[in-house]
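Shared between the two complexes below is chain A, which pairs with chain B and chain C, respectively.
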Partner chain A sequence: MTEPEETAPTGLSRRGLLGLVGAGAAGIALGGGAAAAIALNTPNGVGVSTVYPFFGDHQAGITTPAQDRLHFAAYDLSAGTTRDDLIELLQDWTYAAARLTAGQEVTEGGAVDGSPLAPPDDTGEALGLPASGLTITFGFGPTLFTTDDGTDRFGIAAKKPDLLAKLPRFSGDALRPESGGGDLCIQACADDPQVAVHAIRNLSRIAFGRASIRWSQLGFGRTSSTSTAQVTPRNLFGFKDGTANIKAEDPTTVKAQVWVAEGDGPEWMTGGSYLVTRKIRMIIEAWDRTQLQEQENVIGRSKGEGAPLSGGREFTEPEFAATGAAGQELIPADSHVLLAHPTSTGGAQLLRRGYNFVDGNDELGRLDAGLFFISFQRSPEQFIAVQKNLARDALNEYIKHVGSAIFAVPPGATKNGYVGSGLFA
Partner chain B sequence: MTEPEETAPTGLSRRGLLGLVGAGAAGIALGGGAAAAIALNTPNGVGVSTVYPFFGDHQAGITTPAQDRLHFAAYDLSAGTTRDDLIELLQDWTYAAARLTAGQEVTEGGAVDGSPLAPPDDTGEALGLPASGLTITFGFGPTLFTTDDGTDRFGIAAKKPDLLAKLPRFSGDALRPESGGGDLCIQACADDPQVAVHAIRNLSRIAFGRASIRWSQLGFGRTSSTSTAQVTPRNLFGFKDGTANIKAEDPTTVKAQVWVAEGDGPEWMTGGSYLVTRKIRMIIEAWDRTQLQEQENVIGRSKGEGAPLSGGREFTEPEFAATGAAGQELIPADSHVLLAHPTSTGGAQLLRRGYNFVDGNDELGRLDAGLFFISFQRSPEQFIAVQKNLARDALNEYIKHVGSAIFAVPPGATKNGYVGSGLFA
Partner chain C sequence: MRNRILAAAAGAGALALALTGCVPNSTAGGAALTVAITDDTCAVSEATTAAGNVTFSITNNGTDVNEFEILADDKLRIVGEKENVTPGQTVSYVAQLGPGTYYTACKFQLIGAPTGVAEFTVTGEASAVSADEQALTDQAVTNYISYIKSQVAELVPQVQAFADAYATGDDDTARSLFASARVSYERIEPTAEAFGDLDPKIDYREVDAVAEGLDWTGFHRIEKDLWPPAEGALNSDGESAFLDWAPSTDEERQAYADGLVTDVQQLSDLVNAKDFTVSLADISNGAIGLLDEVAVGKISGEEDWWSHTDLYDFYANVQGAEVAFGNVKDIAAGKGKEGAALVKDIETEFAALEGLLAQYGSLDSGFADYSTVTEAQRKELSDQVNALAEPLSNLTHTVLGLSE
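And then the complex of A and B:
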């Protein structure tokens, strides 16, 4: 793995503080904030809470046991932002994310301990809340490397992974540009939504003048387990989701399917992963009017237990060759479980980490609801293989893909470095 | 209090089942569902969880300790819905709400125990989840009694409370009709958002053909305590909110300020309350750039402790006459705490039960965030008095009221009755 540059972020940059306080008050705030060091072991939250380390070989928020809530944001860099600005932004985000995931405020001054004559560094709504298992995961979109018209804004086009490209059009796509793409992304997951929202809000403030939110998504119910210690949750079709997901307790599969390995290229991505998001609107009214038996045939599993229709319990391997008394296949050939299974996808597996969403209702009074699908994989080709296979999925009658994005997720930062430093080495 | 009619809902009506299964399959499902009785003592959830009783003198979800998450929906009745249809809908909702709040599925057949040839009665996403403190609270909007053009659709215009009228226009209102009004409302609060969403979704299905969602709102962080046992939470301005809220442990104030009393009229409302919702968009970017001292002057409290600027701790009563060394008022005359205080409002107090919201972001990359304000009061005049007083509130520079609604909340149902039965007696 590339050794990150020795540029320990010991505080926010001048630009980062400018984002927090506004141009007028910048001079006042600089003194306090810039010298603040990261004190990771003193979370200011009350109550018991999980704290996941921010620094490490891999970024947290991937194999971390999926937390209950999500706030995801994609950013576009502002016009005029330079390579140095981008590096500084990543340093600022690293500094702030390390503090936030430790249950701290965004700087030492925070919401109330700075100058009363300056805007607070931290917005304050997480004051008194524990870290709540917060993880913050950063990614780089294809347009960070070259814009759609081919411009290399930051001198990193040559370092773009060959595999990092806008996803191909899939059967049934009804994508809205405003729900997809982005130069950068941040995935904030926590067991308290207020903590996840606080993280995205404060990281967005820090980015002021350098990057702004392109699209964002809140999710409230994790739809996958990433640990064998977790109960399989249910999606808004009422079915257990992610039974066969990759679990952190299976390091062989994690290594083979999730982490970019030495030699996969480019070198700066070693230890990273590729992140795909798909905003999938569910046509829940149509689904809700479908017979139970048909619902189970569409999924290929029972609704209650989540067992494959070939029999057994939730974690029994499906037997796709099994037939019933009349010779019919017990698991239909167009069922979701069959088409998504590694035996159908040339062995490709995804680490799924999606969330249920409800974005209010549409003008017909129907809930605007669905699945915000997130997957991590060693190569985007894994996702493409699975998604192409799902073109025949019986589930397609009940879903519509409305948003799509892909990001290269660099490896974790060292305590002396910053997220993505290898890209600029 | 009016004795509710003896019309114990022992199952969903034919219309209610029709909503669940769709016209084609209705015949099949009727057998199972219609005979199902409410078995309140056998919640099907796993794990430990709070269960609040649905039946009682007052509806739950008012003085109940504020849960962490909200899904609120306002409904309009469909054209052609009759008085009998409306009564049947309220009976169906009562039946289903009693089951849901007990941690059960919407009918005995539920998501998986009905006929495999019928659509499931329950959508299933809460299978295996405990009741999670779910409360379901029903209300009646002014238009239920008379439409805007004066039509008495259900023969109840004469029973309309004089006080139940569209709220007057307040200074600073920027109301969007699509975020306000409604013939009926349901407030679903729970400690798990999936449980609250499941409740609104299934009650909306039951209403199919009779009522549909006009607008809805998800909220993720309660912004008030309604019990002295709860820690005061923070709103998205980063301040503690609801320190001086009415608490369930103060029955004298609850009686005087929250419940409609005998003689307040009309009789069917005795034991009920009035519910006001205000969707308040916060201009968080402007707020975040305001000096800490100015923020505290706007609120009239310190940001960290939440103490009044006249001194003391969070629960110290503010001293509005207190002055500083230079003779200046310590709590500014246009501060929120002063203008909202009972000494400024002629004694009017509100039981607040609002939630923080983030509805994604706008096209400029700013979070579409704020406070979904909910208050319960014995008379709408209490809210009007407070809100009129807030016309001078320094906070108005940072907020915009974009949605408004008012509902008459009938008393609780008896086990032999249904919510709102007194209105039809």
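And then the complex of A and C:
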């Protein structure tokens, strides 16, 4: 097997272009390279919009201040896809993601500047929209390394991190196999939903013939803040979510809890992280007819301020030993805040980055709504420790986990490289 | 739901009830009625009496301890009872009864199904609902505790028979007893859940037990042996039904049967303990808690994943909710126009839900296999559960939070 040179993607591969425009692509000018793509070039030059660099030590979209919208997609590689095809796909995705996150169209030809006889390279719905803080984050699922029947399709089984494995069964699991797992994933976050959808749509198109979507999820209303500059948002239970989340401004905790360190596992993962997604359906009808007092006892915080029931304001540390006049615990022992707190989980913390979802309604006429939970952690064991601890969570009466997936998120790409290149070195 | 009971119990101390004058003594309807009890009969001297304070002179002519009960017209809710009438003993018991249809019954050895159930009609004018809220509260609590005990008393022998059939490999008999043996349990589920570790041992589904790292025991473990999964079948969490599971050996069967009997006996010991009590909030919250059990677990068919007997549990949960509501509805109805309107709404929606469930069978004749209930029918049931649950969820506020 030939090892490809680590070269900067200078445009979409012919395979990637085939996905876009078919065999007659010869006339399309390829992009000017990743470095050039970084230059901010918002359409009309008027967009007052955040641009996050795509290249760096770590992938963007993790400690980046959580944007308002999400489009997440998990992919399975097509039968017959080779190691070289996989590498080429990652190079194509890197090239396209670098452009898209800079607010550019997916290629230079884009939506309207290509051949009138060819379908446009770019699908066009983001024309006129700024970058909108778009980040695109790539991950590798356990089945990329070894299929369920043990096949090493791409010669990378030996590089699989030991900890990258399907998550164990947890209380409240009602998993639907069709909304979990996946060989690859892309998390696209932006402040404009159309920009996030545009990214997933175009990246999926590039992958046609090599990989296709296994499941995907739209999210709105970030349910966590990942920066102290952000106000704490609310989830669909109406409570503030993520008050005690890991914040980018706390580099010590980020380093200890989020980034894979040298020696943690295979070298190619150093600087990366592990991504867990859990699609959590909320039984909001039952929740909505629950007394306010019980809602607060279930969460362990007040609904208005978000303060712990032991008193204080939102950011006051909860005092789990505090008792009331009658000697009762102010924060119930089965409350969510107590069971999820690092003092209950052996110090494990997660960087949460979830979003609300409402996927229409179910067959019973109830909103198919909930939280698309996303967390990043240095080791999957952190998530497992927290989730195991939540087995007796009072909140479980009102939620079901219907989707589950885990991915290894490689470190960021250099301007001369592509995402995940260390895996193939 | 588990937390409702606990939270409400903690909050019960804050209950401020307006205490007003004494109980207006309505006139008694004349001489005492006599109740002649044997081990399997329960003869009341008259089948009709006038409303007011009704005196019963109860004599136990049988061979062991017995109890006399007055049931509401649902034959479930207890409106009065005299426990522990010993052989040869004659005791006097006074019940305050408004006009309506009741049932009288006895319970030999205080266990099993009621014996000698007979219709009992009370005629005349309703006396004004007692202005003494404390008296109503005490009555509601007393009667609800009696109801819980009577349900557990029915549960114990039913579980014994079911467990015996299963342990001896008489699967046809065990299958025929499974759904009915669960009915009494499902009627009082929030009470059992309040005892912490007991409900997980008796009634946990496989997926919950596995996920919490508990040994999986109880009704549903036995259910899976009796309705073994087909090859390739999935559990409710999407995992293979055969993951970490195999049909029980004879020894395991005996152990699961014994365990269930022991755990149900422990439940019986706990509710019969001297210090067992419930609060008014436990009762009203128990009503909505049972409805939420339906909305979350039964509608989806996850409860009885292998036997598809979900409609029995569904019906029993609804019955339990209605009994709990019935115990506090006089208090709610006394809370001004708002309270009266709420009670009426709840009664209307209960009737509609029961009418809907009746289309699928009854406890006596059996309910349809839930896998044959279509999505459209499930939606209709779900809509009616929601229609009832909305007003029912305001019951506790009305009972505890509104003044008259």
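The criterion applied here is as follows: the second predicted complex is superposed on the first by the 395 of 425 C-alpha atoms of A that agree within 3 Å, B and C clash if a C-alpha of one lies under 4 Å from a C-alpha of the other, contacts with A are read in each partner's own complex, and residues count from 1 in each chain.
Keep in mind that, in the parts below, a contact is a pair of C-beta atoms (placed from the backbone, for glycine too) under 8 Å apart; a residue touches a chain by one contact, two chains touch by 3 or more.
The structure displayed is predicted, hence computed values, not measured ones.
Of the two partner chains placed by the overlay, only chain C lies in contact with A:Asp173; chain B stays clear of it. Touched residues of chain A, counted separately for chain B and chain C, are more numerous for B. Of the two partner chains, neither chain B nor chain C is touched by A:Pro342.
Once chain A of one complex is fitted onto chain A of the other, the partner contacts of A:Gly56 are absent, as it touches neither chain B nor chain C. Once the two complexes are laid over each other on the shared chain, residue contacts for A:Gly209 go to neither chain B nor chain C. Look at A:Gln291: by the touch rule set out above, it reaches both chain B and chain C.
Touch criterion met: A:Arg392 reaches chain C, while chain B stays clear of it.
In the superposed model, A:Asn235 makes contact with chain B only, not with chain C. Shared-chain residue A:Leu364: touches chain B and chain C both. In the superposition on chain A, A:Thr123 makes contact with chain B only, not with chain C. According to the touch criterion, the shared surface of chain A, contacted by chain B in one complex and chain C in the other, consists of residues 289-291, 293, 363-366. Interface residues of chain A, counted against chain C in their complex, comprise 169-177, 180, 283, 285-286, 289-291, 293-294, 297-298, 326, 328, 332, 334, 363-366, 388, 391-392, 394, 397-398.
Here chain C touches chain A in the complex through residues 1-4, 6-8, 10-11, 13, 207-208, 210-213, 236-239, 288, 292, 295-296, 299, 302, 375, 378-379, 382-383, 386, 389-390, 393, 396-397, going by the rule given at the top.
Looking at the complex, you find that chain B touches chain A at residues 20-22, 25, 69, 71, 73, 75-76, 111-112, 114-120, 122-128, 178, 193-194, 197, 200-201, 204-205, 212-218, 220-221, 231, 234-239, 284, 288-293, 295-296, 302-304, 356, 358-361, 363-367, 369.
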